[in-house]
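Following are the structures in question.
First chain A sits with chain B, and in the next complex the same chain sits with chain C.
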Partner chain A sequence: MTLPPGMSQRDFSAALRQLETAVGKEWVFSAPEDVALYRDAYSPFWDEEEERTASAAVAPDTVEQVQSVMRIANEHRIPIYPISTGRNLAYGGAAPVLSGSVVLDLKRMNRVLEVSEENAYALVEPGVSYFDLYRDIQDRGLKLMIDVPTPGWGSLIGNALDHGAGVTPMRDHWSTQCGMEVVLANGEVLRTGTGAMPNAKTWQQYKYGIGPYIDGIFSQSNFGVITKMGFWLLPEPEVVRALRVTAPRHDDVIKMVEIMSNLTYSGVIDSQFTLASPVLNGPRDAELEALAARPGGGTREEWDRYAESKDRPFWSARFTFYGPQPVVDARWEYARQRYSTIPGVQFEDGPTYRFPMSREQREQAPDKGMLGIPSLSNFTGRTPATPEVADGHMDFSVIVPMTGHDVLAALKVIGRDFAAAGVGARMGTISSFHLRTFILISSFPTMRADREFNRRVRAAYERAVKVTADNGWGQYRSHAAFMDLAVSKYSFNDDALSRFHTTLKDAVDPNGILSAGRYGIWPKDMRGSA
Partner chain B sequence: MSHRIARAWFALEERTDLVPELNGMFVRNGLSIVPPFRKTEISDADLATLAAYLAPASNSSLQ
Partner chain C sequence: MTLPPGMSQRDFSAALRQLETAVGKEWVFSAPEDVALYRDAYSPFWDEEEERTASAAVAPDTVEQVQSVMRIANEHRIPIYPISTGRNLAYGGAAPVLSGSVVLDLKRMNRVLEVSEENAYALVEPGVSYFDLYRDIQDRGLKLMIDVPTPGWGSLIGNALDHGAGVTPMRDHWSTQCGMEVVLANGEVLRTGTGAMPNAKTWQQYKYGIGPYIDGIFSQSNFGVITKMGFWLLPEPEVVRALRVTAPRHDDVIKMVEIMSNLTYSGVIDSQFTLASPVLNGPRDAELEALAARPGGGTREEWDRYAESKDRPFWSARFTFYGPQPVVDARWEYARQRYSTIPGVQFEDGPTYRFPMSREQREQAPDKGMLGIPSLSNFTGRTPATPEVADGHMDFSVIVPMTGHDVLAALKVIGRDFAAAGVGARMGTISSFHLRTFILISSFPTMRADREFNRRVRAAYERAVKVTADNGWGQYRSHAAFMDLAVSKYSFNDDALSRFHTTLKDAVDPNGILSAGRYGIWPKDMRGSA
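On to the complex of A and B.
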């Protein structure tokens, strides 16, 4: 059995008994088969000594119980690792960064506390999944659309805290959060924004309150346990209409991105758009590898000839418009006009969805994410077409500037690096996850029964972090097993930012009980040892 | 709400080979890329009820 670092079995057992008194015996898990459910199912260290594993798990049902857990943890110096629904798959799942931590499983706190149709917001607890909020809204017949990441079983709060995203105008989940309740490491409860007023009336409508705006320090960090969070929602639109644009040549990306960034900053495009190259994202044959390996990476004429020989457009982009029909149609048409200036460009209209949609229409819609309908449709696993799949994957997500030059460079540099690594890393499409940058999400496969393969994957992942950072592209989110590495690339002025984080850590969590090591923030006595 | 759940489980309801132990194994061990479910997501008691419902004998009586 894993124990918290430096703790005897006897002291730990005594602490567990106190936790049982706080939350109920059945909600403290210490049997090996129960604790194993908190392993990272996609761990790149599966069954190796370095795999991060918990010592136990505790699952409170109320804010008061969370406070009690914090007090007990401080008394016994037990490392605690809060999770919301523990579905941060591909970034470490429910497993703690520090082995031996007790997972604080908040899944039982799954209440939708308030939904306002008039002011389009929701207030939820951390165990509320996208499925939960969607059902609540649908069952009550409210004219609201939520924004969902690809799998719907995750937590709204957990996803927002990790800066996750969906596809609709409310896709940047952190930017849509408004007001939170936090249990600090010492067990004290605070509310941010106007929620600090005892008779608050705008907690979910006005973010800043008065004085320093602190919500951001609780994201990707370990300064408190979030027990409530507000989210802005989208009024159900009249219509959702998509537009696909393809352009034939290598250099068309310059103009394509120039137009999409201008349309974004002007408010014509307000939801996620994706940009992919059917050539650079497509199947890599010997001819492509030779071209990519050439000094300078091949000329545009050579690339154009290659694309033409494969009968593929070099670029493909998809936009989606949300809102009242005349407004959507005007924005759709304006975007089409702007792109018509690129010679050889082609357009595809739709799909288009009109609201309200019946339950049957919602169930049958193939583009569920685009419509704010949570699903698990990407959890297909093996199919007749792909009989062999990896057991898991680690995502690798890089922030790329919204320029054609950077898009080209990123696809070529990362594509070449992945091909050289030879571990089957898959380069994804480029998407406007957040408001003014692209994210290129790639994934590295992991195998539970092949340690040698996982070792090579880890080396390739670490190399990819270095290669991208050397080009000025940081990660927007990190896998739990590589957080120190991710943060080490944000090192301006002798790690001034990291040093500020640790100053805060020591002030708000002097015993270092919360999420040791999360996003490179370690308690005093563990610094430098990581 | 029951109609939604029933629809989602329809494929499982049609199976005639889901002995309770098998359901428990899939739920607590996961399969391929689908990770296991924790006891805060589905308790042992709920899992037992679900497994009994999907078990061959009760399954045939429902059809």
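On to the complex of A and C.
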């Protein structure tokens, strides 16, 4: 059995008994088969010494119980690792960053506390999944759309705290967050924004409150346990309509991205758009590998000849528009018109969806994410239907400036790096995951039964972090197993920002009980050893 | 001469000499006539004991000089009060919250460091005013629009840090902030977001970086000195077109606000809209006063009769649309169509502006704010042309939920309160200053030569804070003279949020040298005495 670092079995058992008093005996888990459920199913260290595993788990049902857990943890110096629904797969799952931590499982706190149709917001607990909120809204017949990531079983709060995203106009989940309740490491509870004014009615409508706007410091960190969070929602649109644009040549990306970014910053495009190269991130062959391996990565003429020989457009982009029919049509048409200035460009209209949609229409719609319908259909892990996939994967997501030059450079540099690594790392599309940059999400496979393979994958992952950082493309989010590395690349002025994070950490959690190591932030006595 | 609290003249003079070494003799000001320039021209305590005044001012030109000032201030425990351009008029101006502070005047740091037309952003220093950035963009012929508050001589950074706003789609200035450089109290410099990655190119395009997103804690606070900040800009639109809607009856506000909020949350309306009642906040007469004074504040029928007798529409709203002509027209028309469902509604089209505009057209445009053109034409202080106005005024700005019921209640409750106070406090329009709430900005006059009047104004101001907080309408920003009071209303769980703020303060500025008292945050040794 894993124990918290430096704690005896006897002291730990005594602490667990206290936790049982706080939350009920049946909600403290220390049997190996129960604790195993909190392993990271996709761990790149599966069954190795370095795999990060929990010592126990505790599942409170109320804010008061969370407060009690914090007080007990402080008393016994037990490392606590809060999770919402524990679905942070591909970034570390439910497993703690520090082995021996007690997982604080907030799944039971799954109440949708309020949904306002008039002011288009929801207030939820951490255990509320996208499915939960979606069903609540549908069951009550409210004309609201939520924004869902892929897949939809995760927690709204957990995803927002990790700066996750979906595809609709509300896709940047952190930016839609409005007001939170936090249990601090010392067990005190506070509310941010206007939630701190006892009778204010704008907790979910005005973000800043008065004085320092602190919400952000609780994201990607370990400064408190979020027990409630508000989210801005989109009123159900009349229409959702897509537009696909393809352009034939290598250098067309310059103009394509220029138009994209201009339309985005102008508010004409208001949702996620994706950009892919059916050539650069399409099927690879010997000719392509040879071209990519040339000094400078091939000239534009060589690439154009290659694309033409394969009869593939060099670039493909997809946009989606949300709103009233005439406004959507005007935006769609304007975007088409702007793109018509690129010679050889081709368009594809739709799909188009009209609301309200019946339950059956929703269930049958193939583009669920675009419609804010949670699903597991885009689930990329191995399922009974897809036994050939790797056991798991680690996502690797970098921030790329919204310019054609950067897109070209990123696809070529990362493509070359992945090819050299030879572990089957795959590049995804480049998308406007957040508002004014692209995120390029790639994934590295992991295999439970092949330690040697996993070792190579880890080395390739670490090299990819280095290669992208050298090019100025930082990670927007980190896999739990590589957080120190990810953060170390944000090193301006002798790691001034990281050192500031630890200053905050020591102030708000002096005993360092919360999520040791998360995003490179370690308690005082573990620093440097990491 | 005012001295820093607890400091001898001799020690202070020695400290000033050190500051002179750091920034140059000519940039340290301690002569009474120089220091007087940092008085709050609108102070409600003008020439009284309690007027907050500086002991000296220091004006560095570089980040390194700011760092030196911080180190000297820490050594001598000198309270420092940073200002950007010092134009925070109506909220306290350039004067420190704690008398005897040394004003750190950042006006000389007025470089526009970068403007990207392609990615629509700017990186500026704190001394850069809206005029400065506007001129830079115009001189270089860049197709970008900035968002300006009224008036335009203030600092972009200062305004954003106070959560100020303008009227275009980029009006919520804090929400357009992207990436900053901060000099901490200990003299260290850090960069937030991807600015912490030495060669990243997305400092002004991706807000969160990796790990805790800390930018917010530097707003409305005293945790650091911001020396650089990025801002998202709007590409110059093809067209700016306005729509005015009036509705005849008292209860029409319910439907009007319902449509407004729905269109806003749906992205059809993307800029500030204002709502006013030509009746409730129009000219007052005896009949109106009598009606307002009735128990419950008058019935809807009584109000409708009153409005009809005056031949005034009860409500008036104004919207502005930005973007390509066909998209703007579609939005405009859709909004008009939605409002047509209210019986008796009337519309007014325009004004409409088309870009590009010549320099002459810009100079002559009456609606400068709407076009992102800074001006002093909406300046509400006394000018040579308006000698009848009070010497100054204090703004009082509360957050009101975006519902018709709240609008009605706010106008009536605040109107009644102001009438009872009898000091000439004036209600402004209700506007979507930020994104999903209304802000109701009122103002209280101040008179330099009339202490008794100012005493009554202060009492009225304090009562207004109490009355509005009792109704759940918090202040989004506080006047420097009433910060403790404003913050005290955000008191959930025994002031848990305020206590958290002081925990952060003690961690990041242990000697409490920065902006003591700002937003109710005091250094350890001054707490409770405030």
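FYI, the second predicted complex is superposed on the first by the 521 of 530 C-alpha atoms of A that agree within 3 Å, B and C clash if a C-alpha of one lies under 4 Å from a C-alpha of the other, contacts with A are read in each partner's own complex, and residues count from 1 in each chain.
Operating definition for what follows: a contact is a pair of C-beta atoms (placed from the backbone, for glycine too) under 8 Å apart; a residue touches a chain by one contact, two chains touch by 3 or more.
Quick caveat: nothing in here was measured; it's all calculated off a predicted structure.
Trainee: Have a look at where A:R135 lands relative to chain B and chain C in the superposition and call it first, second, both or neither.
Mentor: So A:R135 only meets chain B here.
Trainee: Could you say whether A:Y38 touches chain B, chain C, both of them, or neither, answering first, second, both or neither?
Mentor: The first partner, chain B, only.
Trainee: So in the superposed three-chain picture, is A:H434 touching just chain B, just chain C, both, or none of them (first/second/both/neither)?
Mentor: second
Trainee: With both structures fitted on chain A, tell me whether chain B or chain C touches more of chain A's residues.
Mentor: Tallying touched residues of chain A, the top partner is C.
Trainee: Identify the partner contact of A:E289: answer first if only chain B is touched, second if only chain C is, both if each is, neither if none is.
Mentor: Neither: A:E289 stays clear of chain B and chain C.
Trainee: Per the contact definition in the header, classify A:G86: touching chain B only (first), chain C only (second), both, or neither.
Mentor: first
Trainee: Just chain B (first), just chain C (second), both, or neither: which does A:E20 touch?
Mentor: A:E20 contacts neither chain B nor chain C.
Trainee: Shared contact residues on chain A, chain B side and chain C side combined as an intersection?
Mentor: On chain A, the chain B and chain C contacts do not overlap at all.
Trainee: List the residues on chain C that touch chain A in their complex, please.
Mentor: Against chain A, chain C makes touches at 118-121, 163, 169, 174, 178, 184, 188-192, 194-202, 205-221, 223, 232-235, 237, 258, 261-262, 265-268, 270, 322-324, 326-327, 329-331, 333-334, 399-403, 406, 434, 436-437, 469-478, 486-487, 489-493, 496-501, 503-504, 506-508, 519-521.
Trainee: Can you name the residues of chain B that touch chain A in the complex?
Mentor: Where chain B meets chain A, its residues are 1, 4, 7, 28, 30-41.
Trainee: Chain B touches which residues of chain A in the complex?
Mentor: Those residues of chain A that touch chain B are 27, 29, 33-34, 37-38, 41-42, 57, 59, 85-86, 89, 93-94, 105, 107-108, 127, 135, 139, 363, 379, 381-382, 389-393.
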